[in-house]
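This structure is in structure tokens; I'll ask about it shortly.
Read from first to last, the chains carry the letters A, B, C and D; within each, the first residue is number 1.
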Amino acid sequence: MKINTWFGSLEVGSGGEILAFDLFPKGIRELALRSLSLRSSRENLPPEGFDLKAAALECGFVASLSEYYSLLHEVTLEAAKLQVSEAITPDQRIVQAVEALDDINETTNSLSERLFEWYGGYFPESGLVGEALALFIVKYGSRENVPPDDPLYLKARDSMGAKLETADEALLKGFAESVCSLYSRRKQLEAYIESSMEALAPNLTTIAGPMLGARLISIAGSLEKLAAFPSSTIQVIGANKALFKHLRARAPSPKHGVIYSHPFINTSPWWVRGKVARALAAKISLAARIDFYSATKDLSLMGELEEKVRKIRAANPKPPQKR
Amino acid sequence: MPDIKLLSEGIFEIMKDKRQLATLNLDPGKVVYGEKLISVEGAEYRTWDPRRSKLGAMVLKKFNIPLSKDSKVLYLGAASGTTVSHVSDIASEGAVYSVEFASRSMRDFIRLASRRKNIFPILADAGKPDSYAHIVEPVDLIFQDVAQPNQAEIAARNAARFLNKNGYLLLSIKARSIDTAASPKEIFKEEVKKLEQAFEPGFEILTARDLMPYHEDHLGVLAKLKE
Amino acid sequence: MKINTWFGSLEVGSGGEILAFDLFPKGIRELALRSLSLRSSRENLPPEGFDLKAAALECGFVASLSEYYSLLHEVTLEAAKLQVSEAITPDQRIVQAVEALDDINETTNSLSERLFEWYGGYFPESGLVGEALALFIVKYGSRENVPPDDPLYLKARDSMGAKLETADEALLKGFAESVCSLYSRRKQLEAYIESSMEALAPNLTTIAGPMLGARLISIAGSLEKLAAFPSSTIQVIGANKALFKHLRARAPSPKHGVIYSHPFINTSPWWVRGKVARALAAKISLAARIDFYSATKDLSLMGELEEKVRKIRAANPKPPQKR
Amino acid sequence: MPDIKLLSEGIFEIMKDKRQLATLNLDPGKVVYGEKLISVEGAEYRTWDPRRSKLGAMVLKKFNIPLSKDSKVLYLGAASGTTVSHVSDIASEGAVYSVEFASRSMRDFIRLASRRKNIFPILADAGKPDSYAHIVEPVDLIFQDVAQPNQAEIAARNAARFLNKNGYLLLSIKARSIDTAASPKEIFKEEVKKLEQAFEPGFEILTARDLMPYHEDHLGVLAKLKE
């Protein structure tokens, strides 16, 4: 019986005695690569309870147990490092970008609110929020610098806001610059996710849109896992809390998770949203599977979904009567 | 000078400010996960937080811990190595084959493994023991903490291939990873039954206790192969 | 009897009849300023139940009730705006900076952690964190760009990290730039707080340090409020949760709030920290009062506190015995 | 078409999807704090959330609300104007003198006040009524929601100076702002006693009810001057 080990191929007799062997060269990297290549082999496995280290000694692969362990330590370490270096697949890169985008969104909102509150003491009438406010502050600082041709000139001139001292103006401008930097980061991440999604999962991107598609992959963990989910799971991805409550306390089953943000659902009247969500989840599941297994674009998917949603809406023109 | 008590081979209780579980540091001067180092008469101990380690909790719940300094261990679910580091301290002249499936955890685990000669990292699915059959020798103990719904099956498969006739299985079962809705008690009963009967080889349960107050809804199990 | 109203001074008889009057000009801003100047007058108040609008009609200040209300509306609005524009006092500006700094710290930490986690997939051995990591990524991007004379060259060359694709490198560099921008914002805010505190509250700054002093003002709401607190309150400022628990559930009284960060406390052995906190809080309270009421620097304060702390430590060299 | 019920002068209950409190919008098309606008036969109603307004809660707790379209009101504790806006809707031809101490809140309140002719903003301490005696005329109602420990005294001082003989006081007492440790029930008893006896002029309590479930540990009080 032939068996494969990390240090070589052996021919073993029925009593476990070694009849012949073909040892690998002792290079760490080479041994690690061979070891990795053996991972998925279903044949020539050592029999249950086979003592690898005794065999390695017997064949003369190593001169001592301590050499055996020392070499195996280096080889397993190298193999693990090689695997780790290959772990960042295209869908994992999208997942990283989605997570980074979530962090950026959260911090941008929090710093934008602070800027609004802070600058509001100096020019509460500006009516500006978010990036527009940050850009305004970077440009002018104090409202005294707003020129007559700016649409906000009159409001700035007549503002009840306090006078902005030079030191505070520098502080606010710097703060606004950081906020602007975060807004451009947001755009950069969104653009990356859009183009990566189109390349990785064209069908999912068509059906769900790039951002929702990326979010689904991110919550599932990978495109492979998303493709493996039943569509009933996809329907409630991101509704963990509600789902947990449903399972534990027999609360009503949630109708939709993150797919709620899809325009087909949030533009539908409330009484058909559950049905639309079910149809959408089914199509997303199909799209993810095509993307994972064949990666070719199926041009008919979107038309089918639109038709299905149209039918659902047509069949349910009115809200159900309350009982 | 702190008072030191031996609880099990290689496992100590040190009294310094409070009672603390500890092992002798195999990698002197280095800390793995923020634990404390306590030096007593030239020996350096690493404290071991039972709230961060199922095995540590099992020690305090008075499980018999079948580990000695030359133990060969198959550790399934190494994560980033918090507990493995203590197993490595105890089996200082043995071997700890450490299987972990998540490459993110393995990234951190490699840092630990590279400093300790008795750790052999394996990035693989513990449910597929064939994939590391060319590496792992027969072992004296399988420790398993994998949080998979089919953990009884995983234990059986690994035991069939790698566990010595007289070897032991130490298992931590997390109720939530089996079923989020059922009661932990029911789940534990079911899982123990599976360990005993559902797969070849069956196990004989030696000890089964919950790991409160260190871990909620976790059952610790010590078992050996049926004769 | 003479009485002051927002529209003029009146001479009123004992029956409430108007004997004479001196009306103000009808300019909105001028009326608003006069109205504000009447706020703190303790004399010549209208008697209880005096009907201002009837008097204004009677004196001919307005021709109709609707004119009365319309004018009063404009005047109260203008007065309130004037007050709001003066509300941002020097200590309020410090409070704003402290709040902005808190937000910046929180977001910087969260984005730094994300950067560490993300870049860790490409160069886990760098050993860099925080601003050093962000600066490294801005400088080099991929570890392949680390030159041989950089101390991290070997680690970069031999890293188990994945290969960093160009598109991801641009993303990571941009993200790192935003993080760097936040770190420089943090420094700018700290420098502002330090110099403002030195000017506003030199004694508090000497005793507590500028950052702790600013935080105390921020939690109290103003320097005036801080100066009005008893020192027992100052001792526990920022320990709200523990204090609330103490009041509600008879839990032990908290020994110190934010003043815990003061070096006198955190370098003291644990068994004297309560006593040191009491001494420190007393001196902080005194310093805040001097700053609020006289704003002159008292050079003896720090020496007295140091002496007091020295004595506390000398009197308690050993931990109390456990019973 | 939604069903509309009149609850009190200027205060409506509209049935649209659910029962909603509402007032007629004095500033058509404009929303103040995110509430909904509902148009019925040319009239525009603004919904009124009792969880965000003590007065709104008092309406639903069946307090008699002494407000009509030409009421003169002294409103103490205007905050950013959520409730004042509804009082302004109701007393559409009256006057709402609105006192607020926090300049930060006044900044927002000014935006509201500048759009409604019957609101007169006053940035002042409600505990010092002398400081706005040169502005405020005698009123029919004092509404007070100031969250100060000495609120009974504040009510008495303002009533002495500004409240008509037949006028009313509507008061919201927040237990927490009197004493964080004592039981709300005790506090309420104590505060009601203070209103009746402690200061000149004393009040006669007409109604006193907690504002549950809209506001926790709050007591609503309707009172008038003792004869």
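Assume a contact is a pair of C-beta atoms (placed from the backbone, for glycine too) under 8 Å apart; a residue touches a chain by one contact, two chains touch by 3 or more.
Only a predicted model underlies this, so the values are computations on that prediction, with no experimental measurement involved.
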Of C-D and B-C, whichever chain pair has more C-beta contact pairs: C-D
Intercentroid distance (Cα basis), chain C paired with chain A, Å: 38
Centre-to-centre distance between chain D and chain B (centres being mean Cα positions), rounded to whole Å: 65
Chain centre separation (chain C, chain D; CA means) in Å: 31
Chain B and chain C: spacing of chain centres that average the CA atoms, whole Å: 50
Chain B: positions in contact with at least two other chains: 107, 110
For chain A, residues that touch 2 or more chains besides their own: 81, 84, 87, 121, 124, 160
Topology of the chain contact graph, where touching chains are joined (line, ring, star, complete, other): other
Chain-to-chain touches, reported pairwise for every pair that qualifies: A-B, A-C, A-D, B-C, C-D
Chain C partner contacts - residues on chain D that touch it in the complex: 95, 103-104, 106-107, 109-110, 113-114, 117-124, 130-138, 160-162, 164, 180-181
Sites on chain A touched by chain D in the complex: 120-121, 124, 160
Chain B to chain C touching residues, read off their complex: 107, 110-111
Complex contacts: residues of chain A adjacent to chain B: 4-6, 35, 38-40, 42, 45-46, 48-53, 69-70, 72-73, 76-77, 79-81, 83-84, 87, 244, 247-248
Chain C residues touching chain A - in the complex, by the definition given at the top: 81-82, 84-88, 92-93, 96-97, 99-100, 103-104, 106-107, 110-111, 114, 118, 121-122, 124, 159-163, 165, 167-168, 170-171, 174-175, 177-178, 181-182, 184-185, 188-189, 192, 195-196
